[in-house]
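Right after this note come the structures.
Both complexes below contain chain A, partnered by chain B and then by chain C.
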Partner chain A sequence: MKDSGMIENARSVDRAATIVLVAGMSFILIPLAIAAVTATQPYETFIEAGGLSFALGGHFLDNMEKILSETKLLRQLGNSLAVATIVAVMKVGFCFLAAYALVFFEGKFRRALFAVMIATVMLPLDLRVITTYQIVANVAMPLNWILDATGANWAIEKVAGFRPYFRLSLLDTYFGTAAPIAANCTAVFIFRQFFLTLPKDLPRAAIMDGAGPIRFMIDIVLPLSKTPIVATLLFFFVGAWTNYLWPLVAASTPDQQTAVVGLARIADSDIDEIPQVPLLMAGALFVSFIPVALIAVMQRQIVRGLNLSSR
Partner chain B sequence: MAERTKIIIENLSKKFGSVEAISSLSATFDACAFTVILGPSGCGKSTLLHVIAGLETASAGKIFFEDREVQNLPARERGCAMVFQDYALYPHMNVEDNIGYALKLAKVPKTERRERIGRVAEVTGLQSVLERRPSQLSGGQRQRVAIARAIVREPRVLLFDEPFSNLDAQLRHDMRRELAELHQRIGATSVFVTHDQIEAMTMADKILVISNGRIEQFGTPDEVYHAPESTFVAGFIGSPPMNLINGTGDGGAFKLRDGTVLSECGWNGHVVLGIRPESVRVDRQGAVALKVRYCEKLGSHSIISAELADGQPMRLTTPLGSSAEPSSEIRVNFPAKQLHWFDSESGKVIPRRSNGIES
Partner chain C sequence: MLALILMFFYIPVFLAFFWSFFLERPFGGGSEFVGLQNFRRVLSDQEFWRAMWRTLLFMVLAPGTAIGVSLVLALAADRGIRLSHPARNIIIWPKAIAGASIGLVFVFIFNPHLGLFAPLNDLFPGLWNPRIDGTDAYLMLLVAQVWNGIPFNFIILLSGLQSIPDSLAKAAAMDGAGPWRRIIDIQIPLLTPQLFLTFVLEFVGSVVEAFGLIDTMTEGGPGGATTLLVYKIYVDGFKAYDLSGAATQTALLMTAVAIMVALQFRLEKRVKYER
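Up next is the complex of A and B:
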């Protein structure tokens, strides 16, 4: 009696869960479906319908063809690929090293360093966009500032008769677009948590075997961290891919812009003209193809990697 | 055979901040001997092992391996190997690579490496699992891999940090015997840390009992068991441990607070009487009355928990078959030769010679 009651109970829970899931899925999937349907319509259908409609049109390939011929999205897709890869690799690399230092080394300033890292997470790039622009526009700016502040410039002017001013702009480069996005330490937490789940005697065993800190990192910690590394790489790749504000500021020529920025440009055509929404939607599908495919293929690794355990 | 290396520790101290884990400890561990460091958790025994290994630096004092001063050398130059409590195997390497990692780092050529791995695998019975990952092994096999990894380098000194505490009772028993045999074969100076007195008693050539970072006693298992030097050692070793009874020596007799005389005593003032549970003799005409609290029947013998006249608890073991009903009264004798006397202030043993009755 009790058993059948439990089974029935489990069934009703199942049913409730299914309803919640279906509701959630439709909330997420309906806009995507609208985008996909709209991408198949010709511009005229869109104008006639007076907005979005669910009528499937046969113009998907036409729209795609236009994307390839009339916009720079293909080239910009390459830019996105380069920028997102640089961002993911830099972020994961730096955060891995930082977390390694935090977990496996003793130091007086360990806690303070960790606190500073937390603070940088609280200060997103969107808030610092102007200062960041100034620095990327001339990465030598801090050097100039130090030379001024220490009086070194004054001394050089006295001796050599001119005042040095260094200038190096990284605007409109992949690195200039990627580096400020990569300067973020969210993954430090992820790697730190992961390292803390490793057996506490593991570093000791490696020391007894004669491994130094770099050997231990390369031979032991790095192979063990494969899952969180793959997961965070994907995570940050997709994050960088969809980043909008900073890439918009950092790259001013269409040839250097990322795909998401280029996509937004399709929308702001002439003021008097109704935007080419079907083209825009086709572009959106085109631009999101790579990250969606990556997530679809690697979703198990992402879930496993974010489980934060060595087992 | 490994080089003969004795370990000499001189006035060794280790502080963590203001906490002193080891205070001015001196001892000599004989070459090729199996020394067990025994103590309750938090007594500093693992810290002592880590300092010997070079995983922790000493705050003061010296350590010599034979005549080489090592306390300032990095771990890898000391020639120690260590077996850890949670095995600490490399999860992503198979058994062969786990055992051979140290040799690989030491740039031992591959053919020699394989040969040496093969040899220790044979000694530790791991030949059939060399290709497996640690996660595919049982607890006992994992511990064997850890031991194989330690001995493959033919270390001068082998250190064990509570290696059997994650194993079940049967396996622990088997591993004790295996390790004792292994020690006979390789003969490296071994230091084994444990809180398990049975491990200490069965495997040790000498036991170093420590508490709060200080030596309580350093002696053979027999000495530690039959001639404890302090109430700490007496109350820590033995299962159940020695009974420690507070009382007063007065005119040649040892009296409890309520005036009951337990035995003769050649000492005046407050003293602690120690007697092993198995030394207490049950005797209808016995001089001491005990009130039985309860009786654990273990088959081979029974352990009776009882109360003295003034309420102090004590335990005694009785031979096969004999037991006692709760709240009944039994009479016992305390054989004079089996008594230990301790200073009630310091807890240190009062040497027999100063005991009036013995001389």
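Up next is the complex of A and C:
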């Protein structure tokens, strides 16, 4: 669009741009196309062809049926749905409130709070997976430390004759899988950026009308923030869905694993024979379908709502 | 929620540093203060250094390639030609596909006997085999990581390009700067904040995001050629139950990442452009 109003010959650039885009889209689409074509082939044809071939096999539904009946991927898809939803709602809800407090309130601890949150963006969950696992395996661990450190345990031992040790594991639960992923404040920056673009007179006008901070948030800021809220919800939903390392360790039983982890476990099972590639490709499509459809349909809203340009 | 951040962020970070000074027994068998012994053990381990170098190399190659490719794509999509529309949509699809899922697809595509290069291997036996050749495996990992990393950089860079005022391009055109010239002299310099953002995020991301790919594609092999630090920590901690070793490596890796991010922010102060 940019050059349409200009009198200049941009044909060479546009031709180069077309070639670049075709190459880029091919790079993205070819692996997906290979997966899709292979997912239509029955195992026998796949073996006969000696591997990768571009012939459609017409067995897509059979392969899907196998996915549904022979694997737990459908149940695991439900797990992914639950975990990703919890993560998205927790993250967006908290970050919205935190950014609201940061932007609209003067406070002593504002800078400290901001620093506390910035750190969570720098060190991703996968980096601290070992110790996070230990905490989730026993969320009462800090309580035990406190009891030990304050001498309370010593007192209890004297009186009751035993040393209390609390244990509560959140492994293999939706919350235990979701909460550590949600303990991240990326969205605070997105909301903060958005709030800063709102007119400065807005809060003043609200105060004049007698609206308190909660009224102001619910009646004014919340409706105005629809675009970034929808975008971040979708973005974090997809992000949690595609997470791998943490869900892999946080849930050990197939019934509690997420779909991506379940898919990788199917691939693990038969290492010696020629792998069930068509089935695996069908599985890869099966676990990727929901997030890809979301991104493809909501692409505009996501890009606009994240407002990444105004940094 | 602040409690959750404390619980699942600050305590684990603290615990990693804390445990690096203790010999921690698996299954809660008590612990013993050992001072710097863990660090001495880890730092004198050849495997640790090899994994560290592989990680550092990966941190340079993967973001560099992904951002370079994304930049070219974003510049092309910004031209507003007919293909821009579908491209803007399709190029971000990989964002929605887990590394572990696409890893399975890539490991099939690059399979020396079943995949895309199988015919080539028939002609020149042993030309391509990521199962035996470490360099091939590393390359395969890199391609998959770039595939997965393009969307995010592409979105950021494209929205950056689109926020550059039209009037600048028009003024430059009046001065006789052609579209190629404007890419070098106007668009890329004005894109510095976005380029910086993508570098910081990709840098941190490439340390950990490759895990899903490694676990499904190579499992660290062949012969450890694709064992990046994040994978080594996972194996040490969850397979070998060496909690202290894993915690020590976690502490070292977190320190390295924090230092690098801090350095990048210092760098940003120097290259700041005002719009």
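By definition in this document, the second predicted complex is superposed on the first by the 296 of 311 C-alpha atoms of A that agree within 3 Å, B and C clash if a C-alpha of one lies under 4 Å from a C-alpha of the other, contacts with A are read in each partner's own complex, and residues count from 1 in each chain.
Everything below uses one rule, namely that a residue touches a chain if its C-beta (ideal position, glycine included) is under 8 Å from a C-beta of that chain, and two chains touch if they have at least 3 such contacts.
All values derive from a computational prediction rather than experimental measurement.
In the superposition on chain A, A:295 contacts chain C only, with no contact to chain B.
Touch criterion met: A:13 reaches chain C, while chain B stays clear of it.
Once chain A of one complex is fitted onto chain A of the other, the partner contacts of A:201 are limited to chain B, with no touch recorded for chain C. Once the two complexes are overlaid on the shared chain, A:77 sits clear of chain B and of chain C alike. Contact with chain B, but none with chain C, is seen for A:210 once the two complexes are overlaid on the shared chain. One of chain B and chain C touches more residues of chain A, and that partner is C.
Judged by the touch definition given at the top, the superposed model places A:220 against chain B, while chain C stays out of reach.
Of the two partner chains placed by superposition, A:240 touches none, neither chain B nor chain C. Across the superposed pair, chain B and chain C both touch chain A at residues 310-311. Looking at the complex, you find that chain C touches chain A at residues 1, 4-5, 7-9, 11-13, 15-16, 19, 69, 72-73, 75-84, 86-106, 108-109, 111, 113-116, 118, 147, 150, 155-156, 159-160, 162-163, 166, 169-170, 173, 178-180, 193-194, 197, 204-205, 207-209, 211-212, 215-216, 230, 233-234, 237-238, 243, 246-247, 250, 253-254, 257-258, 261.
Of all residues in chain A, only 199-202, 204-211, 215, 219-220, 223-224, 310-311 touch chain B in the complex they form.
Interface residues of chain A facing chain C in the complex, by the touch rule stated above, are 1-6, 8, 10, 13-14, 16-18, 20-22, 24-25, 27-29, 31-32, 34-35, 38, 50-52, 90, 93-94, 97-98, 116-117, 119-120, 122-124, 126-136, 139, 142, 179-180, 182-185, 238, 241-245, 248-249, 260-261, 263-264, 267, 274-275, 277, 280-281, 284, 287-288, 291-292, 294-296, 299, 303, 306-311. Residue ranges on chain B touching chain A, taken from their complex, read 50, 53-55, 75-76, 80-82, 84-92, 101-102, 105-106, 135, 149-150, 161.
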